[in-house]
Structures are given as structure tokens and as C-alpha cells.
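Below are two complexes that have chain A in common, paired first with chain B and then with chain C.
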Partner chain A sequence: MITSHPLMLLALLTLIAPFWGALLSGIDRKLTARAQGRIGPPVIQPLYDTLKLLRKTPIVLNRIQVVYAYLHLAFMVLAFLLLVLGQDGLMFLFVFAFSTLSLVLGGMCVRSPYSRIGSQREILLMVAYEPILILLMIGIYKANGSFLLGSPFVAAKPLLMALPLLFLAFLVVMAIKLQKSPFDIATSHHAHQELVKGLTLEYAGPYLALIEIAHFYEIAILFYFVMLFWASNLAIGFVLACASFFLMVLIDNAFARLTTMWVFRFMWTGALLLALTNILWLYFR
Partner chain B sequence: MSTTPKLSKSPWVVHFNCNSCNGCDIEFLALLTPHYDVERFGIVHVGNPKHADVLVVTGSVNHRNARVLKNVYDQIPDPKVVVAMGVCASTGGIFADGYNVLGGIAKVIPVDVYVPGCASRPEAMMDGIVKAAVILEAKRRNPKAVQAGQPVVVRTPSAAPAAAAAIPQKEIPQPC
Partner chain C sequence: MTQEWLIGALVLGPLALALLILVGPRGWWRDGLVVVAALATMAAGVELALKGSATLTLPPLVTEIATGIEPVVIITVLFLGFRVRSWLVMGMAVIQLALAAAGYLLERGHETVATVIRIDPLSTILVLIVSVIGSLIALYAIGYMRQHEHHAPTTAASTNRFFFFIIAFLGLMNGLVLVDHLKWLGIFWEGTTLCSFFLIGHDGTDEARTSARRALLINVFGGLMMGLGGYLALRLTGSESLSAAMASPAALIPLALLAVATMTKSAQMPFQSWLLGAMVAPTPVSALLHSSTMVKAGSYLILRIAPHLGQLAPVVAVAGAFTFAVTCALAIGQSNGKKVLAYSTIANLGLIASCAALNTPLAYAAALMLLIFHAVSKALLFLCVGTIEQTIGSRHIEDMGGILFKMPLTTSVAIVGMVSMMVPPFGMLIGKWMAIEAATQSPAVLILFIIGSALTVFFWAKWIGRITTASYHETYTIEKVSGWQIGVLLTMVVAVILGSLAAMPLYHYIAKPVSLQMVGQVGDATMRTLLESVDGLVTWPIFVVLGVVLLAIVISSLFFRCSQLRLPFLCGENVEGGAQSYEFRGIADGTETAMLNSYYLSPVFGEGKITAWSNPVAVMIIITLFGVIVP
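Entry: the complex of A and B
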């Protein structure tokens, strides 16, 4: 069913995805503003920001930096395509991780210490959340008998029934990937002054816009991934994804930023324990 | 009016303290609080000149920081605008006679908007940045049209506090 999708629909989805990500990010800013008793920017403010960045004069420190910005976007789009086409989950994880890794390498190839600290923290974050994602794929395999990301669509029961604890662990990963507050240690949306801007410090103008667009894709990927947890009925999946997204905004506003090692310890104890318990339960039920 | 979104919809501001008494900086930080809510104009305070569009400078320029100010200015990608906050940044202000002081920041970098006041009120600062955002769009359309040296001066009178407006005029004691 998934592979019979016409190519046009795929192209359309790929075009719409960044706009959807931008819209979600705009809603996030609006909700945050309302939570602080402000009016807040228009909902399409992220679009204005990105279009503005695209029209600024590029400042480049070295060519490699630019290559990594493009690679970051390209691998993110590829990850999105793999996800939408219901391809192999492990391949998706690999491409998704390489996209983040491109960003890290881009941050590492300049001399700015803040950019490098941001990159090091991003690597630490990857070490913290990658095990959860791999366990999630194993969980999908145990539940559906296939690593294919299209398998939840044809499964009899929603994925959430088999992987409730892994879903919770995935929400934490989502908070990290969305740069939400207890975990936004590598780079952040608000309070730019922490590490100045960390990872993306040395990118300016259009190249920063590339990274922003890649982040919109990332938001769309995470949103779609939550929908997979209730793929048999996409309407419920959509509600589930919206609820998770709202939870992220809530967490963002309710918590202060944590230290790097705290995030690491939390992920390797709390979140990993949740994921492992779920996997063991799948084996022995 | 063109349909393409303007640059003026998203001015990202970087703030640089040259030689100020910190009065203007306190007012500027007050501007960033939820009370004034500058994000509704798309204004975001960034700490990095490479991400910025608007350079807000407080305080006068002296021999030591002229080089630093020029450096920060050069790191902002074009198009960019400069806002001089307070009389110190505009003319040198109270520090103008200092032996180390060069004067206003216009001695070092081109200034587009002057916001006088010692310290300028957050309302005037907000007005200044919004005016700067309009100049930003004009600069993108035609970089030659907006020449440095034809700056805008913002003299927005601060809004009267709501409580003061409510007091009947005759009850206010007249100065003799």
C-alpha cells in the first residue's frame, strides 16, 4: 500500500513538510508567548525569519562548513523520504544520525570555541539518545515482525499498545531533538546567550537558513514518527502527535536548562530503563 | 506593496555596550521583558553578530573600543542597520569631554537611527528598532538609496502612565 503511492504525492509531501514544521514551530512560539502573558509573534514568523535569512549576504569561514550545511539538509530530507516511504527503520536511523553528525562536523570545522563546545555537547546528546532510538526499532521489530517503518500501517494493533514505555522514552528523545528546555544544551531557540548560539554560531545568512529548513524537516519527521504509534487510524495518530507536541511546549516552559552530564545520566538511567523494560516485556509476555 | 515578506518582519538585534554608564543597557534589557513583548514585531535578541540584522549600540566610543565596535559591525551580514541608543551613543553625551572619548558612534560606523534620551525609554527604543527594520527593507531593495549620514531621529514621547492620566488635572500640584 505504501509503495503504491504515486511519485507526485511524495514530492508534494516533501514540499509541504518544511512548511508544516515551520507552522508547528510558529505555534510553539505563540503558545510560549501566551504562557508568559505576551501577544507573541505571528504564527508564520519562522517563515519570515527563514526567508529573511535566505536574502542576507552569505558569510563563509571555509568551504567545508558550507558543504556540511548542505549535507545536513540533504540527509534530513532523505531521512524524511525513508520515513514516509516506510523503508527500513535502521537505515532511517543511520541517515537521521548522519544528518545530525554533519551539523556537528560543521560546528567543529571552525575555530570558534563556543561552536566547538556546542558540537561536543551535541555529540554527547547523540550518545545519550541513540540507544533509545535503536531500542525503539527493536521494539517495532518485536511488535510487528519487521523493521520496515511501513509495518505499523498494516499491523493489527497500534504500536502504542505494544510499546507504551518506549513511547515515553521516545517523547524524551523528541524533547532533545526539538531543543526543548531541560535538554537544549547544544543550541537553543530561546535565550541565545547560552553558548552564544552553540552549534550554529558560525553560520550566517542563507547557510543558517539551510539549517533552519533542516530543522523544520526534523520537526515534521518527529511529528510523523509519533503518528506511527497509532498508524492504523491516522486521525487518532494525528491527535496523539498534536498532544505530544503540546506536551513539549509545556515542558519547555516549565523547566530550566539542565547540565550536560545530568542529561546524559538521565537518559542512560531513566529513559533507557523505560525502553529496556518495554523490550523485556515484549520478549516474555 | 509587494507580496514578498519583508526583511522588516524579522529584525534580529545584537546589542553592544561601548562605554555606557549601564543606564541605557538596563532600559534595553527592560525592553526585552515580557512586559514590552518585542517579539510581536519579530524582534529577537541574539548574542551573535553573524545572526543579527540590527546593531544596537549604547555608550560613547573611545580609543580602546572603536576597533571592537568596527569589528562587531563588520561581522553582521548585509543588509544591516545601526541604532544609536541614548545620547552617549549619539553624540558622546555626558562623557563627551572625557580625554579618552572620541564621541558618538557615528565617528566609527554609519548610524541609521538615533534614539536620544538619557537613558532613552524602552518605548522610544522599541520605536527606534521598528524604524530601523523599515530602513533594513529599504536597504535590501536598493543599497545605494539609503545613505549613511541621512539618519532617522526617533523622538517618541513616552506614553503617559495610565495612572497619571486618570488623575484630574487640577489635583496635580503646580510647580511655582
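Entry: the complex of A and C
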């Protein structure tokens, strides 16, 4: 069996992950289209798009831009590996954050106002959700006695039982990471009037494809992370993750965009309070 | 050489050479002596570290000398207080004199206590930081001051005095971290205050004078706390040895006073203003104060006394964590590069103090790691900003767009420096990671750590984004900066990278054993598991990924063609060859310029907004520090 060898399994997962991310993204587009009364593109349209981008002539504004695109993808893949290998949660988080940061810097290093606005907003979003992700890791530590991301698999009780409020807060973070309304203020799947394409505006061709692939990995990471909340039975975890993704699509279609400072305030009050309450009761237990 | 001679070379050597610089002529004599002093101090520091731990008892005469020097130092402070017309400084100096006299009367009947030099891992780490990084900064200053004399000719006459204080600073710091005698500690402590006063005031401008005066005032207050603590320690425990007095259970009040003294030296809230003012001085001074000397004296002392803090420890930990979170927020609102660096220094010192006071081996090890890596990275960053400032004539972040083309070497070094402050797997991030894991035992500290680290990303990202902004250029030419400056910058950048590669071995072989030795107990079972699990982290895959990225960049640049270049989208037709490609055609073919500065969010993160509530809170925390020891 090919899956019996851990390294082979890891390689297989790393190869499959972007396709899984692309598929989820395609389903998202299909569902959204149906919700709006359109037929929508085929489910594997994101894959077609990315392959087409890869074949195009590269177009850049300067050479540094390219560096950041590579860093973004490389650290996203590394974050995925750390997650699948069940490594230290906080270190995973820092690697994950640096991947996003590379994208932000890639948007900032060009003399394009739209892309710079997108970058500035994305940093604010990072500052907004980062505390919640760190608290989530603290929650895992408090629940399982270990910072290792492999620990939910061996824990007696599913993580969701210990961290229900943190799970809710995490769903909000997930909506931000997936660029869903009302949080799609830095960039989005659709071009917005005041921002054009924001963060990724000045990327094109194969370098934009790198960013797309990194985003597929990001989707896979988020999917896997939701599954961690019910890791003792991965079938339930899978259903939970699918339900969360469906919820994301629902939210996306039900809300309009809001301003950056609104998101910042919302995250540092509402979502942070949810997370803190959950952490506090774990401390008092 | 025996260790006694090495101690002499580390403490008296720089002082003697500094005197020679002061009385000597300018030019090659001065530069040569600075090089000799720097290299000799560096060599002696490394040699001392290789010799290992020891405790040396010096003859009683040395203690007698301290009794003689103490009033001289205090009277110097009194005189300076008179010169800057500060009644507060003079008043505090008079109290200090009275305390010294009272201490003298108290110990007159007893036989003289021998001065003990304690070379243990903690003091060795500090000696290495001071003598290696401090000396490198002195070497950098040779090149920098030549330029500086050119920019500000009126200060040229006092450049020898400038180097006198820089070199003497190294000797005093070495003395401060090695000596285990409260009186000598107080003398070295005041000595560094005096050095920093003269260095900050070097340029003689109004701003420099005001800043120097403020630094003097705040640090003399710290010195007074120290003197009071020393006197009370002698009174309550009957000992003048730092280690013996602090280990005594009767020493809680002196400990609280010393903790306040460390806060003034490390510029913790509410004492942060002097370090922010200190940036008016020539850049080597800022680099020295922020990385290897002065502020690290505070970190050293808190690390030294932390295991004895007892019921004070939680308050000190919260005070440090509070400073960390608040100054990270303050850094976001600043567009002045040096100020951002200053707030980041204060934040990291708060983190170090907080970790030290958490009093578990993991937290203590995190504090040591942060202490070491911060010293290297921050020295590097200040020296870069100094070089950039001399070239572009501004220290404002928004003016730094395009410097990647103007000065590619310095800018690349600066990028590595900034990246090393916040990106895995560099040393500072490893330290911060350990700090957060260690703080899980103390929820209040933990939340402040989390807030602070989330905010950290913001101000570094804005800065890196600004300095890497550039239009396309076919070729880059290395800028012309003096060899001293470039040499030191390159040495430090190599140190940052090698140090980060060695971060986990450093934890395993140095930080962990040292903290186990200092803190003494492993704590409960969960802390033990954490201590070991941290040891299991492997960072090499991250370096491998960085290597792969490097390779990908090289390969893709081989396939790069100029025909692939485009101008940014500006909502209109680009003006070909327009200034910095910001210009586009607007209505009726007029030329419009699109510009965008970074977010500073001053309504939220402005200095006035935040300090208005945070300084009072910091004062309340200090009052609490004394509140908890009221019986």
C-alpha cells in the first residue's frame, strides 16, 4: 500500500491538498451562482483558471514582487506540512502568518495605490484575527496539555467540547481568511470598484497562479483545521468541516462588505471576548 | 592570563584607553586607540567566556576604594544637576549623599567586606554582549563620526570626548555585570547614567540638551532607588553582597526598590520618555544604549534578582507585559524610524523583564534568548537607520521608499534585521514563541503578550513594505559608505543569521541549563513537559524552505526579460518616464500624481492618546509593587 509509508502519505497529501482547495473553491462558486439564480461555472473552473494563468507570459512591475510571491507559496506549503505532521501549534501559526505577510509585502512593494491600500487593510485584518488564532492554540494546550497539533487525535474528547466559543471565533477568522463578505476588504474574488483587485492587483500570469495555488493550500489548511475540532472521529470532523464551508458561502451571500476599522473593532471586542471567555473557563476548571 | 587580569582588561582597560583618547589629539591617534580598545575588550570578553565560571575575592582595599569613589560620583551628579538647573536632580543627589554617609556609619564598626567578582553564566552572557556588540558599535562609530563631523562641524571639537564616553561605557557595563557588591554596583550604575547623559547631549542642540537633562533626571531617580535599596539591604540583612542580601527573606523592600531601578534603566513605562529622547544623539549612541549597554543593565539586574522576587514576582511580570503590549501599540502610530525602533526596544525589554519574573525555567530561558538576539538585531537596525539617515537626510519611514536602489547593501542588511525581529525561524521569534508558551501559567501576562505580538506585525510590515518599494532597475550599484560602517554591518548580519541557525542548540546547551541553575526548580509537571517539548522543535526545515525559495528566485531571474515589465495600474494612462512611475494622465491630459502613505491610525495609536491612560496605569502597577509587601 502506498499510504502505509508515512513519508509517501505526506507527499500524497501535499499533492492532493491544492486540488481539494480548488474543488472547494469551485463548489463555492457553483453554490453562489445558484443562490443568485445563475448556472455558474463547472466545479473545476478554478483549476482551469490556474492552469491558464501558469501558461501565460510573466508580467511584473519589479523583481522584488516575484520574491514575495515565492515566499508566500513556500511558507503556505510549509504551514500545511507542519499542520499535517502535528507539529507545535504556535510555530505553525507563525509560519502561516509569515506566508500571509509575504503576500502583504508583495502588494506593498509596488508603486500602485490600489495594491498598497489592499496591503494596508490586510495587515489590519491580520492584527485583528491573530490574537484569536493564538488563543485557539492556548485553548488546545489547555484542553489537551500540549501545543502539538497532533494532540487532538489522541485526546479522549473532541476539541469542540472544550472549545465551543473558540470554534465560533475561529469561524469568523475563517471567513476573513477566505475573503468572504462582510470581511472581503483587502482583496476579493470579484473586483470591487474602490479597490479594483486590491492586494493582488499588480500580480499577473504565472506569479498570480502561485498566489492562487497558495490560496488553495490555505483553504485546505482551514478545512483540515476544522476537522481537528472533531479529530477522534474523522468522519464527523469531515461533516463538520463541510458544514462550516457551507456556512461561509451562506454568510458571503447574505452580507455586504464593511469597513476595515469596523472589522478590527468587531474582532477585538466581540470575537476576542468569545475566545477569552472560553479560555477563562478552561483556566478555572 | 588569569581571570583577575581579564577582569582588569574588561573593566579598567577600556577606562584607561578612554582616558588616553580624551587627552590625545584627533585623527589617527584617536581612531587607532578606539580600534585597540574595541579589539582588546572583545578578545578579553571571549577569553573570559572560554575560561568558565569562577568567583574571585578581591583584596579589602578594593572595597575601601569604593567607599572613596562613591561620594565623588554623587557629587558629580550634584554638579551636573546644578549645571542643567534641575533642583530635582540636585535634591536626589543630596539624599544619595546622606544615604552614603549613613551606610558608612553603619559599616564603620565592622570589618571591611571583600569585593567579590562573580563570573557565572548570566554575567558571562552579558559580558559577551557588551564586549562584542558594544565594541563593534565603537568601530562603526569611527566611520560614522567622520561623516557626522562633516554634517555638524561644531561638534568636531568634542569628538574625542564622545569616544571617551563610548569606550568608558563598555568598561563600566562590564564592571556592572561582574561585580557582586552593592556599593560597586551603585557606582557602575551611576557611571553609566553619567556616560549616557554626556553622549545624549553630545550635539549640543537645544533638543539634545533637553533630552540629556531628562535622561539624567529619570536615571538619577533610578540611582536613588538603587542607593536606597542598597542602604536598606545593608540595614535589614547586614550584607553588602548582592547575592547574599537578595537571597535573604528580609530583603523584600530592597528588592522592590531595585526592581523600580531596573525599570528606569530599561525605560519601562512610565519611565520610557528618556530613551525616546535619547535618539537625538548620533546613531552609535542609540545603538549602544538600545542594544548592548544601558538598557541591558536593567535587564541584567532583573534577571539577577528575579529568582528572589517572591511575592513581588507576579507584579513585576505584569508590569513588563503591560509595557510590552502598550509600547507595541505606540510603535504603530510612529512614522519616525528611530522612534519605532525605540518603542520596539522598550517592548522587548518589557518582555524580557516579564519572562524573568515569571520564574519558571522555560520563561527564564526565553528571557535569555530574547536578551541575546535582541542585542544583535537591534544594534544592526540602529546602525542601518543611522547610515540611511546620513545618506537620505531623513529618518522618516515614508521618505525611505526607493532606498533599495539608492543604497542596496544597507537596505538589504536592514531588511534582514527587521525580518529577524519577527519572522520564523529567526532568534527573536523563537524567543517570543517560548515566552508565549511559558506565559500559559499566568493568564494576565499571557493576554498582554498575545496583544503585543499581534501588534508587532503591523509596524514592522509597514516599514519593510516601504523600504522594499522600488521601480525596476536594470543594475544596482553598491553605495559608498565608509569601510568601518560596511564592515560592521556585514559582521552583524552574519551574526544574526548564524545566531538564528544556532538558536535551538543555544537553547539546549546554554539557555536551558543556565535557567535551570538560576531558577532552581522545574516547577510542576506541566511546566516540565513544556520545557522538554520546546527542546524538540526543529527549525532546519524552515531554513530549507528559505533555501528553496532562494533557488527559485535565482532560476526565475535567469528567465527574466525586460519586455515583461509593466507600469502599475493607476486608473488612467501612465505617464511614460514619470517621476517614480506614480504619475498618470487625468482629465484633459493633465498629469496627476497618485501617492499613498501607510496607515498610522493616530486617532487610536497616537502617542498622546495612549500615554494619557497607560502612564497612570503603569504608575499604579508600581504602587501595587510596594502594596504587596505591606505586612
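Note that the second predicted complex is superposed on the first by the 276 of 285 C-alpha atoms of A that agree within 3 Å, B and C clash if a C-alpha of one lies under 4 Å from a C-alpha of the other, contacts with A are read in each partner's own complex, and residues count from 1 in each chain.
Going forward, contacts are C-beta pairs under 8 Å (C-beta built on N, C-alpha and C of every residue); 3 or more make two chains touch, one makes a residue touch a chain.
Here the structure is a predicted model, which is why all the values come from computation and not from measurement.
A.B. asks: Do chain B and chain C fit side by side on chain A after the overlay, or clash?
C.D. replies: Aligned through their shared chain, the two binders fit side by side on chain A.
A.B. asks: Of the two partners chain B and chain C, indicate the one touching more residues belonging to chain A.
C.D. replies: Per-residue touch count on chain A favours C.
A.B. asks: Please work out whether A:Arg111 is in contact with chain B alone, chain C alone, both, or neither, and reply first, second, both or neither.
C.D. replies: second
A.B. asks: State whether A:Val154 touches chain B only (first), chain C only (second), both chains, or neither.
C.D. replies: In the superposition, A:Val154 contacts neither chain B nor chain C.
A.B. asks: Let me test your reading of the model: by the given contact rule, A:Leu31 touches which partner, first (chain B), second (chain C), both or neither?
C.D. replies: neither
A.B. asks: Calculate the angle at chain A, using C-alpha centres, between the directions toward chain B and chain C; round to the nearest 10 degrees.
C.D. replies: Angle at the centre of chain A: 120 degrees.
A.B. asks: With the two complexes superposed on chain A, say which partner A:Ile39 touches: chain B (first), chain C (second), both, or neither.
C.D. replies: A:Ile39: touches chain B, not chain C.
A.B. asks: Under the stated touch criterion, which partner chain does A:Phe94 make contact with: chain B (first), chain C (second), both, or neither?
C.D. replies: second
A.B. asks: For A:Tyr48, using the defined touch cut-off, is the partner it touches chain B, chain C, both, or neither? Pick first, second, both or neither.
C.D. replies: First partner only.
A.B. asks: In the overlay, answer first, second, both or neither for which of chain B and chain C A:Leu168 touches.
C.D. replies: Once the two structures are laid over each other on A, A:Leu168 reaches no partner at all.
A.B. asks: In the superposed arrangement, does A:Pro58 touch chain B (first), chain C (second), both or neither?
C.D. replies: In the superposition, A:Pro58 touches chain B and chain C alike.
A.B. asks: Look at A:Pro131 in the shared chain and tell me whether it touches chain B only, chain C only, both, or neither; answer first, second, both or neither.
C.D. replies: second
A.B. asks: Compute the least Cα distance separating chain B from chain C in the superposition and give it as a whole number of Å.
C.D. replies: Nearest C-alpha atoms of the two chains are 5 Å apart.
A.B. asks: Could you give the residue numbers on chain A that contact chain B in one complex and chain C in the other?
C.D. replies: 57-59, 196, 201-202, 204
A.B. asks: Okay, in this complex, where on chain A does chain C touch?
C.D. replies: Residue list for chain A touching chain C: 57-64, 66-67, 70-71, 74-75, 77-78, 81, 88, 90-91, 94-95, 97-98, 101, 104-105, 108-117, 119-120, 123-124, 126-127, 130-131, 134-135, 138, 141-142, 145-148, 196, 201-202, 204, 276, 279-280, 283.
A.B. asks: Quick check on the complex: what are the chain B residues that touch chain A?
C.D. replies: 4-5, 7, 9-10, 12, 34, 37, 39-42, 44-48, 50-51, 53, 75, 77-79, 140
A.B. asks: Which positions of chain C touch chain A when the two form their complex?
C.D. replies: 401, 404, 423-424, 429, 433, 436-437, 440, 443, 446-447, 450-451, 453-455, 457-458, 461-462, 464-466, 468-472, 526, 529-530, 533, 537, 541-542, 545-546, 548-549, 552-553, 556-557, 559-560, 564-571, 580-582, 594-596, 598-599
A.B. asks: Could you please specify the touching residues of chain A with respect to chain B in the complex?
C.D. replies: 29, 33, 36-42, 45, 47-49, 51-52, 55-59, 192-193, 196-197, 201-205, 208
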